[in-house]
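Once you scroll down, you'll see the structures, which are given as structure tokens.
Common to both upcoming complexes is chain A, partnered first by chain B, then by chain C.
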Partner chain A sequence: MSSQARGRRAFRFILPALLCMLFVHVIPIFWGAYIAFIDLDIYTITRWMQAPFVGLRNFFTVFSPATDVGVRYLRSIWNVVYFGLVTIPAGYLIGLLVALLLNRKFFGRTLVRGLILLPYITPDSVAYNVWRFIFQARIGIVNKYLLALGLIKEPIIWLVGDRAIYAVMIASVWKGWPFACLVLLAGLQSIPQELYEAAKIDGASSFGLFRFVTFPMLRPVSATLLLLSAIWNFHAFNQFYILLGADPGKAHVPSTFILQEAFTNFHFGQGAAMSVFLTVVVLLMTVVILRVRRRGEEW
Partner chain B sequence: MVRRTLRGILGRVLFGLAIFLVLAGVLIPYLWMVSGSFKTTLEIQSADVLKPELSPRWFPRKFTWENYLRVNRTVRMLDYFRNSIIISVGTMVFSVGISLFAAYALSRFAFSWKRTYTLAVLSTQMFPGISFLIPYFMMFVLIKHYLGLPMQNTYWGMIFTYTSFALPFSILMLRNFLDSIPREIDEQAQIDGCTPTGALFRVILPLAKPGIAAVGIYSFIMAWNEVLFATVLTGRETKTVALGLLEYITAQQARWAGMMAACILVSIPVLVLFSLMQRYIIEGLVAGATKG
Partner chain C sequence: MRRSWVLVMVFLWVTLTSVTAMGKGAITFWLMPNAPDETHIPWLEEKAREFETQTGYKVNFEVIGWGEAWQKISVALASQTGPDVFQVGTTWNPQFAATGGLEKLDLAEFGSAEAFMKANYVSTTYKGESYGVPWFAETRCLFYNKDMFAKAGVQPPATYDELKAVGKKIVETFGEGSAIAIAGTNAWDLLHNWAIVLWAYGGDLLTPDNKQAAFNGEAGITAMKWYASLILDGLAAKACAEYNQPQADAAFINGNVAMCFMGPWNIAGIEQENPDLPYDVVEPPAGPVKRASFSGGSNLVILKGSPNKDAAKEWIKFLLTKENLVDYTKNLSHMLPAKIEAFEDPYYDTGVWQVFKKTLGYATAYPPLAVWGDIENAVVREFRNILTAVASGQYSEDTVKLYLDQAAEKVNEALARER
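Right, the complex of A and B next:
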């Protein structure tokens, strides 16, 4: 079979998947880039070709510290970065510690491993609604125990204002670390036992074993895991939207803010401009991750 | 010798304690959810952390099944269940069908644009949903405007959307699964006179059942859980359970007890399906983060 014929045969099999990708991913990405340059609102949406072309004005507006939208957008970007800087290392560390615990053999290990997966497989909508209940000021258990321990005198309002982002971080780490744990556990179990034996013969302490065998052997898995988490961090939406509502105020992240600007205030053009920036950031990070992964990896 | 056994015992106790703390951290929210679902709305609303006699309790003062029996009373939860089931099952069927063909081609055919396509599929996983949402919504509006075909607030609109979301992971996972089935099996079938499509359905399909089930379940769960696109693209007739849960809390009333009962009902299908196919889905997800 000629290579052209082979390509055509593969094309027939992949066509439905290609069409889905085309309509849901490819066209919207490019169209979104176009919308970012026009002044599109609720009146012009069906006559979008007549919407005035405004060049870079949408971008200037959303990045200007002088406009309300700009201030809030820049703040939402800072929020999502801050959110990632806290939740990714925290989730990684907890995941690593628990993976080290679970890498030992003990009675009931399978059960424990199944139970720690629960947060990961529980639907976001369920998990974050339960956390919302837990964080309630007057009826929640967080304040109940903080008061009982004497750490606070008055119930804290967790889900509004400056503290809101920390409540979201706690809930997200709770939901996210089992995945890191799972990946790291798989990494730990792929380390050949001989390496440990050799290191023990050389007189390594148990910290030495971790420092010179476990940690270096986990490096590739950790690098991919952390980079992927950094990219997926920009997807953060569910935890903010469910815990804090459609308008998280000071705790907006880009996803919630763009949703609000586009679908509550109908600033589609500005919303698209903000989305395009996110797309570019994620694209750059993807290039990095592909470079990191390419070492000897064949797809 | 005695010191050594003492250290051993101490180590075991500390180890057990650590495991206990981990499990407590994981399970406390679930216990709180279950406990809340059996309380009366009155008990939750009158709770007050400042007053010891009203402080929220782990055991309901008055145990009640009302929240489960009347889950549909204030929020149309049963309608949302129906919508979610239709959309999730539809997504499952289409995602399995489409990804099976694509994965078969990736696994068995040699063609020049294979690597490019695989990379493209992978990279769609990286973009946040909000990157597509505005133009995608516009596409729905324009299809209705020009073709008269309603997309927003329809089952097929949501099924198409979620199928496309589920496809990248489904294709890659199924391709890995098909790669593990020896090539000789379908080559033999083709020597015996099967077309590639015939070999796929007669020989590969029965062997790939576990992989297909895992992909189907993954797709179902994905559609069941999605929030962002559902907030914009669903409406009164198609609202899914993930959004329905939010309706228990309004500006006027906070029905936490009802919400906790609904939360448990919403989780059950996901937990059951997941545990059926735990091994395969986890292998796939871990491979996604480690190998691509």
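Right, the complex of A and C next:
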């Protein structure tokens, strides 16, 4: 069989999968992007083929500080950025500390390594529902402890208003750090022992070992981990939706806000515009991550 | 060589036929869990069999949770496939009608417009035409704990001022937060709780022509201050500020608080959770202007793209026969029938049901507008901000006006989009 014939044959075998991809991924993505440019709302949803083309109007609306939806979308973007700026470094730090501990030899290490993964492997719906109880004002144990310790005089409302985002941050860090730990631990174990031996011969202290061997050697892993976390952060949905409900109010993040605007309030055009922006941001971050990876190979 | 093409064709054939396989002579009916599955499903199965024997049409029903219903119906409306007949909440009906995805109905086919409770009939309309048939109705009344009232030496309140006076006595006896449980920021139906106070104080949500927000006037501010004062004065627990409706209900049903605005569906909950609860139900208190209540419930609608509209109409008529409607509302959903003739059943003149029946008589529906969802969201959002301010101690004299004005601005923005 000539190589051309082999290629044609292979193509026929992957054709069904390609068609599936086309219908399930490619077409909906482009269709979704197209919706961002038409006026698809409650009045046009059943006649969507005739929804008028409005150019960039949906984008202007959702980014305009003069409209209600604009104000709330911009706040949701700020919220998710703020959320990431707190949870990603916090998860990274905790993960790194625990990974350093777990990289030492001690009795029961395998068991502990398994146990620390518990938060990570618990399904989001279960874990965040438990956190929802933990933060309840009247029956939650957070308030119970704070009251018992005398730190507060009366129950604090955690899940509503300005404090809500902090409650979500705490729950998310708890849920997310084991993954950072796992990745960093793998990174630690790939560092050649000779480097440590050489550094020790040169008289490095244990902080010196970390500062000049461990940390630099972890850079490619850390960069990938942080960028991946940043991308996932933009998709943050489960923790907000479960802890704060379908309408997190001031603590909306883009995913929850888009869901509400598009599918509850029937502003599909604006919802699509918001999604397109989010997709572009994530794509740009992906480009960065690919660049970093390539550089990582050179290190 | 050939074989690989055959594989591709077989694959496509299997996928396409599974998509297009659809039966005729059968209708699909979507409804919400209006009763516990153990009783609901057997009832529906039995009625579907009965209907099939009578008319020859098969009914495939699917019970969909309230949480996912909106989403699923939106998809059905956009794609014009899925159910032939489905249940919608009364406040949803005009919005779905505005999408153009619902079949216009002549209520004369189902009796007449006058055959239904007025507010429920209004909820089926959009621009003066009907797009649904009222099925069952509900309204909220004041539930109170008879033991707690007796121990505090008070009578059920007849006005909103009295409610506060009674509440203070109860708090003196049973401690702070024990007088009433109210819905807070997590309640999706938060607006219903305030609307009845607003109406009783002579206010309204919108101007009579439905063109402008009207709730931020004098009556609205007084009514909202009254609601906030329940927490500020310690009649309701501060934790109420973040309650959803079931949490407020639970506080009453467990016997921890003396009053709660609840609906007929809660009676089943009481019978299940705390059958010994000594409770009774009275009409919502009166405000300075009138007594008011909110009319909710569900309507039955037909998808415009349904290929079996005649069968769909027959099924609606079948569900609305006096016998089936009374059976369904009395024994299953514990709601009230939306068709007036069903109230002839003596059951509705007994116990708490006569209170609900009377209250439903003057219950009000929200204006049937396409942008109602945006309006309700805007008001509820600022309502939540007010409750959050109350809970966090940032509430001041100007809080209510500030947020209601903000809400009015957004409501007017939404009303400008109404076509």
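Some points to look at:
Assume the second predicted complex is superposed on the first by the 273 of 299 C-alpha atoms of A that agree within 3 Å, B and C clash if a C-alpha of one lies under 4 Å from a C-alpha of the other, contacts with A are read in each partner's own complex, and residues count from 1 in each chain.
We adopt the following convention: a residue touches a chain if its C-beta (ideal position, glycine included) is under 8 Å from a C-beta of that chain, and two chains touch if they have at least 3 such contacts.
The structure displayed is predicted, hence computed values, not measured ones.
By the touch criterion defined above, A:Thr264 lies against chain C but remains apart from chain B after alignment on the C-alpha atoms of chain A. Of the two partner chains, chain B is the only one that A:Ile27 touches; chain C does not reach it.
Shared-chain residue A:Ile14: touches chain B; no touch with chain C.
Of the two partner chains placed by the overlay, only chain B lies in contact with A:Ile116; chain C stays clear of it. In the superposition on chain A, A:Tyr43 makes contact with chain C only, not with chain B. By the document's definition of touching, both partners, chain B and chain C, reach A:Pro155. In the overlay built on the shared chain, the residue A:Gly249 is in contact with chain C alone; chain B does not reach it. Within the superposed three-chain arrangement, the count of touched residues of chain A is higher for B, of the candidates chain B and chain C.
Of the two partner chains placed by superposition, A:Ala223 touches none, neither chain B nor chain C.
By the touch criterion stated above, A:Arg138 is placed in contact with chain B and with chain C alike.
Across the superposed pair, chain B and chain C both touch chain A at residues 9, 13, 16, 45-46, 48, 136-138, 155, 263. Considering their complex, residues 15, 18-19, 22-23, 25-30, 32-33, 36, 44-45, 47-50, 55-56, 97-99, 101-102, 104-106, 109-115, 117-124, 126-139, 141-142, 145, 160-161, 163-165, 167-168, 171, 196, 221, 224-225, 227-228, 231-232, 241-243, 245-246, 249, 256, 259-260, 263, 266-267, 270-271, 274, 278, 282, 285-286, 289-292 of chain B touch chain A. Those residues of chain A lying in contact with chain C across their complex are 9, 12-13, 15-16, 19, 42-43, 45-48, 67-68, 136-138, 154-155, 157, 159-162, 245-247, 249, 263-266. Across the complex, chain B is touched by residues 3, 6-7, 9-11, 13-14, 16-17, 20-21, 23-25, 27-29, 31-32, 35, 40, 45-46, 48, 98, 101, 104, 106, 112, 114-119, 121-127, 129-134, 136-141, 143-144, 147, 155, 174, 178-179, 182-183, 186-187, 221, 224-225, 228, 231, 234-235, 237-238, 241-242, 254-255, 258-259, 262-263, 268, 271-272, 275-276, 278-279, 282-283, 285-286, 289-290, 293, 297, 299 of chain A. Put simply, chain C touches chain A in their complex at residues 1, 4-5, 7-8, 11-12, 70-71, 74, 77-78, 80, 95, 98-101, 184-186, 188, 237-239, 241-242, 244, 304, 370-371, 373-374, 377-378, 380-381, 384-385, 387-388, 391-392, 410, 413, 419.
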